[in-house]
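Two complexes follow with subunit A in common, the first pairing it with subunit B and the second with subunit C.
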Partner chain A sequence: MSDKLLPHGHPTRAPASQRGRTAEVLEHAKALGKQIEVMIDGRAITVPLGATILEAAQQLGIRIPTLCYHEDLCLAGVCRICVVEVEGQRTLQASCSYPITAPIHVKTHTPAVRKARRHILDLMLASHYGECYTCARNGNCELQSLAEEYGVDYFRFGRMEKPRYEIDLSSHALVRDMNKCILCRRCVRTCIDLQEVGVLEAIDRGNRIKITTFGDKPLSDVVCINCGQCINRCPTGALRANDNTDEVWQAIDDPTKHVVIQTAPSPRAGIGECFGLPPGQPMTFRMNTALRYCGFDKVFDTNFAADLTILEEGTELLLRLKAALANDECGMMNDESKSRHSEQSQLQNIHKSSFINHHSPGPLPQFTSCSPGWVKFAEHFYPEYLDHISSCKSPQQMFGALLKTYYAEKTGVDPKDIVTVALMPCSAKKFECNRPEMCASGFKDIDYGLTTRELAKMIREVGVDLPNMNKTDFDEPFGTATGSGVIFGTTGGVMESAIRTVLELVTGKKIESLFDYAEVKPVRGFEGIRYAELPITEVGPVPAIISHLFKDWNWLKGVTLKVAVAHGTANAKLVMEDIKAGGKLSECHFIEFMACPGGCLGGGGQPIPTSPEIRAARAKAIYDEDRSYTIRKSHENPALLQVYADFLTDGPCGHRSHELLHTHYTPRGKYIA
Partner chain B sequence: MIVETTHGSLTFCSIEPGSGLDSTLERPPANALGRIEASGLRGRGGAGFPTSLKWDLAIKSPGENKYVICNADEGEPGTFKDRVILSDFADLVFEGMTIGAFVIGAKRGIVYLRGEYAYLRSHLETVLRRRRAQNLLGKKIRGRDGFDFDIEIRMGAGAYVCGEETALIESLEGQRGEPRNRPPFPIDTGYLGNPTIVNNVETFAWVVCILAKGAKWFNSIGTKKSTGLKLFSVSGDCSQPGVYEFPMGITVAELLKEVGGEGAKAVQVGGAAGQCVPAAQFERTIAYEDVPTGGSVIVFGPDRDMLRVAENFLEFFADESCGQCTPCREGTPKLIEGVKMLQQGRCSMHYIHELCSLGETMQLASKCGLGQMAPNAFLSIVEHFQDEILGRIGK
Partner chain C sequence: MPFSTYLAKCPDCHEATEEELLVQLDDVLADYASVPGALIPVLQITQAIFGYLPETALKKIALSLGKPYSEVAGVVGFYSFFTTVPRGKHLVRVCLGTACYVRGGKEVLAASKDLLRIEVGETSSDRMFSLDVGRCFGACGLAPVIMIDDDVHQRVRPAQLPKIFDQYRDNSATDDNGNGESD
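Moving on, here comes the complex of A and B:
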């Protein structure tokens, strides 16, 4: 398993001033396995040539404080808090970005080093405006904990008397308070390197420098995709998610409101971290109890809607495949859709085509639609490809639509009194639930999106110690979902679930006969882009649930399904550019895109910090949970089949489902007025 | 404010363009490198890094597309000697670059010209054209198979920090002018990731002189660690400001005598980034091992207010800091605040010590030379002019 978020050879767009190891020479040396012995605080250690002092010290268990350094990002060397003494060097060196190329002697806590660190901290505090007790990051702030670690007990160089910058509250997803910014530029590198969005940049010089958007516009007016990856990597409270807990409390406290919450798979794999547990401790059923304790009337599992998505999106894929394979006039990427990709005619046509989408199958490859960060990324940067995106709403929104229709009918609660809350690992979901098109029932599908961090706060507020709660199940009528729904939380999970369902529906054979334990290993892992081919050698009868759409599967016999998975929008961009250039990935039938590195488990609403190890631990929790289920395939979910029998009676991709569960997209382009 | 008289006849006048190059091309590159090494030439841009060592590292660094960059960003307050060289001795600079290319195996050279010197550009382009016509640049230079080299001129945009070699390269690559982490150094990963030597205008000119007149001639002048001659830009309270050529190792007092600045109370050697030498230390030598300089000498007469001097320099740095790293970005404004407090007589002894200690941290922990040198003037003024400064306390 590779932790590398950026695929090999991917050029970072951060300027070289913010990179430590540009030297391919050093990369080569590392690859060649050349080793070198260094002394740190009198202790010897052998490291690969080109490793940094920080990496070597970490291996020895020596702690060096860092602020601008982040495991996921290229090296900046700007905060200088990590300085150490390297024998023979006139000045102190930033250990995070100093590559070891000679057998050096390093000292990590000489008087000069300690004094410098303290000064740097004092200088940061002197230009920082904010009070810890009113800060979202109180107790989880790297600046705050360093101040404690270094025993800061007064403002040596004074402090800010008043704020310098207005707080940017324009975005549904993020709040930017640059008064708390320490200019470590982790957000800048995140946005440009991990996400290839690049809305954040440093402007001006000296102490007039600030991190802002292109043109210093509010975040809602730039191409921000709301992924929140910058929040997760900000060491301070300068960036945070737009907090909805007050509104949610208000709804809970209102006796006329019926407040239901759905919980996505990733928060339960992460929330333990907010309560001091190591990453990867699933809290699913304890969290259910805690949610009831908080006062939610019903607790549902988003995985139910994930299963619903698989049926809808899988059916949509089969329809697109049929259109492309069973009759020639709708070939994959036919001439019409190719010409649409020419730059000028794009925008008008897209409106038309995404509208047509509801009625006739769109082109291949089909792209997943459950990551709202990815959807907005595509709307900005690849508007000419919107008809490739599945018209299915995300599970969150599908569930909301069902709650205010099917569930309202079934329970007799007036939909206007139902408040739908979604617990998500995601900041982009806050934007998604406010999209104007997301109110199929006449009411907002989802009223409020909560992040994992916000829920942890609510749970603490009611005085509950989550890890010690007893376990309770989800509420009816949606019951417990399947293992397929759970793995939506990790990169490759949607693809794996879709493969489990589509292959069973088409071949009539158990997926276990193709993949041990139904684990579709080729699409698992953390490689930035993964590709797999799945030959369909034989076909079975068409199952009843979709027999109104397909007569037989003969047209699929002998076809090799080609699928790909990408996570982090930097990788999404590589995939899209490959498709644009007519490369190998343009031949794919289905591609899963997740905006966040690692998939939802690495979402912008998850506990902070994040790192490759933390994400791997969360993924393990998710895959373990999948294994623990008896039903592991979406199309076998009994509650779901009940919904199709009672409510969505014209079946997957039928009329009702189109009305409630499908949507369309907005070509936004890169330039916003 | 800048005067451009040159005093005395400069060595550069006696060097015939082409003389250094032809003899160099006749022998293997290692020969030229050996002679530069023997001369003891150190970089004339300020830091004083041995030129031959830098070039040797670039030779050893693997890479097909090596670059020679001439740092003509001359932004140090009180420095104007590179301008004189560029306008009067451009041939020497280009010839030095060509020799550098021959030694390290580069195909392309770039002159990074200070934005304010844009008016020199057409003159420099004319010289380049002439040199191409003379086959001193271009393909098969002087008939040597496989030795192709040409030079282009690129303009800076007015940021002092872009004179720092890695910020200069960032700027050439179209990024914000911000210094990079070093190591790796430009000799490994310079312009567009290629091995690159960055040298000062004057350094290139001296290379030609050394190859024409011999390493022995050069290293017999100056001190053991600081050999040869150097140009100085002298300004401030003296009767004859301008550009001078002096041997390295000259004392401050000797220099003042030459420029008519005998009554000075202090001399700022090395520009804003340099040191402020008080009258009591005028016997000190200007050399890399004592008081180093990139060539700027600013004379302060008896009536100068040294706090104003410190404030001026600090404001320059606060303005020119790229804002990347904490000590420089946040530290410099704190020192300015301190100077203002001193001016108003409300800075405690305790806080002065605190600020001096902060200055030491800036020298040690800043990412690039700018932040490392920003507190120099403040620290030396506080050290040497305590009476003048503290006199105001309680006033």
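Moving on, here comes the complex of A and C:
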């Protein structure tokens, strides 16, 4: 493991109980690499041996309806809606899990197939509490669309007249309404297979079966990390984010309240999808106009706080690096290095005096703290590593703390009358803003978190057609952001921004001289875990903003900065296990973790559906926006430098910033309750 | 240690405290820690030790086998042989599989409910019997059958039930292998 990078996950990690029986056959067959010709609806196509009928049909442009199937998940084959006729087979076959191993003839829409699909739908509708008008997924529901497509015009097998289950409202982030569940198990597979958390499972069987948690406990009492990936993959309204739009409207309609909203980079790349646009259409400046129409008093850019995070987190990294190097000349935290410890103790004493920081720096590798899903994941599953997580709050919370202190002071608005709303691509942010420790100003840093979907609803409610809005800019004083802030929305973005700033600050050389267009390609992409080494060959004049940290900066000369990026908690788990085992990644200095596949742009608050293509399109929109900025590095953000000059006068990681912008974490244990 | 040894080891489980039983569970888990597919045998043994599957035991099993709680709960919920509520000393299971059903299983169940004064899934007030419904024990030729603990009683008629139950009331275990009277 030490000289090789980690395996990037297995095709499926689901427990045997949730794995399609054919999944393994399929992988084996695909590995053989042979081609085979099949006929689907009279049209021939050549596919790799082991491809499924569904995949072959998709290539031909033939649509086969699916419910339990999802591109991101392992096969289940439980809903049967995708049945087709395979010549020579006595019964209909589920096309999503039928590997092609012979030159078969398939018919996808015969009368028998259509009748079977309709019956399956009728049966699902018989045990689905279909209150479509009041459902969060009205108009964006896979079951609803299929019922329409297959001409369901009455409830052949009756319908569920009254709800059977209590709705689980315990979580700040998610709402679970099992009355709408059709038992497709996408959420189960998302939780255990995609995210490796494993909160949900199908319990009991027959007509008593339901998807629930261990011991039927409420979501707030189990290890749910609030990532909301299950919401994005639920075909119906059984899972949704906790809706805060009513509270936000109330605040807007209250004349005594000053309502400010900050918008994160990912919702802009996604919200167009809620208005019928293809994925990847940036809506940044049109959204600003729409937000003012909704009645928000000020519209700010979360990217400003992202830039702030980079300066704070980058400084924290330098402090940790220095402390670790003082302990160990190689900057590693592995066991072999401990033997050299005594030789270094003298050196340590010398360096100790140069620390400006009031808090002793934590160990390496430093982990990012922007993703609240990842933070809760670590609190549950790796509580012994909490001191590795950067003490910096996430950009959302930093911004909230600044709004209720610096901004309140500057504008003369009483902080108790400021209502801070955060537009996030995230369901876990709703949990984060309700953390008891997030009250640095004496008030809740952030009052309400809105998801992209909720904002789309609000915008529609005020009768605004977003794609046709005119463009307006953000409000001052937090309107200036940089390209670095923007790329926080995608996996690898925080790392790239940090590299741009840290390398430029310490080497004194323009980052463009190392990476074309300041694009740090090694940390980009969608590979599950990425690793990069960045040698610091020279140390230049360090700018004033951080130059007070150390008397002498030459200790950094010759250090090779080792960084890694992981997205999706399944990949985070691989990284953590490697660190635990003392593998290659334990030698890293800085690791970016994002709970959601693809980073924030694939967050649990983003428009539904999600797929690798959709996420790639959103990422492209984000990188394009980065390129469009003239200022692309956090430390060059003039508004940010102004805040350090006026307010956070003791600099990054100084006393005031520690009070307002830093936090601590709660070890929660692996298996609570 | 083979599976049957564990089962044989704990005839007096009901008298031991939960802490003592959890210690026994530790031994089981130590033996099964690295065995693939250990979950179901471990659950069976645990149920034999405790008489049912308490939440504390399930958590312990999940932790030491490295599985999420929910997965363990899913397996327990799936199989009707597993129970998460305490059971009486003897478990009466009336088969309602197709063969038993058509040969009078339903009447046998009704009579059992009357005699024990409990519903399906409940335990009698003297904690002697729990009543459950089975779906085929693989003894269709002997229908209708009931199972009490590990004994199969064949071709049961409602009138025979008081006598059958009394055998279990008198002595905690019985040598009767369920070959009772035959027609």
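Convention: the second predicted complex is superposed on the first by the 611 of 673 C-alpha atoms of A that agree within 3 Å, B and C clash if a C-alpha of one lies under 4 Å from a C-alpha of the other, contacts with A are read in each partner's own complex, and residues count from 1 in each chain.
By definition in this document, contacts are C-beta pairs under 8 Å (C-beta built on N, C-alpha and C of every residue); 3 or more make two chains touch, one makes a residue touch a chain.
Predicted model, so just to flag it, every value in this text is computed and none were measured.
Of the two partner chains, neither subunit B nor subunit C is touched by A:Asn244. In the superposed pair of complexes, A:Thr213 makes contact with subunit C only, with no contact to subunit B. Of the two partner chains placed by the overlay, only subunit C lies in contact with A:Leu200; subunit B stays clear of it. Once the two complexes are laid over each other on the shared chain, residue contacts for A:Ile120 go to subunit B alone; subunit C is not touched.
Of the two partner chains placed by the overlay, only subunit C lies in contact with A:Lys670; subunit B stays clear of it.
By the touch criterion defined above, A:Thr108 lies against neither subunit B nor subunit C after alignment on the C-alpha atoms of chain A. In the superposition on chain A, contact of A:Ile192 is made with subunit C only, not with subunit B.
Residue contacts after overlaying the shared chain place A:Tyr98 against subunit B, while subunit C stays out of touching range. Between subunit B and subunit C, it is B that contacts the larger number of residues in subunit A. With both structures placed on the common chain, the touch criterion links A:Thr309 to neither subunit B nor subunit C.
Contacts of subunit A with subunit B, set against its contacts with subunit C after fitting on chain A, overlap at residues 15, 17, 202, 204-205. Those residues of subunit A that touch subunit C in the shared complex are 15, 17, 191-192, 197-205, 213-215, 222-223, 670-671.
Only residues 15-26, 75, 77-81, 83, 91-92, 94, 97-99, 101, 112, 115-116, 119-120, 123-124, 126-127, 156-158, 182-183, 202, 204-209 of subunit A touch subunit B when the two sit together in their complex. Subunit C makes touch with subunit A in their complex at residues 55, 58-59, 62-63, 67-75, 77-78.
Partner subunit A is touched in their complex by these residues of subunit B: 61-62, 159, 166-167, 169-170, 173, 175-176, 178-181, 183-184, 188-189, 193, 318-327, 329-334, 337, 354, 357-358, 360-361, 363-367, 372.
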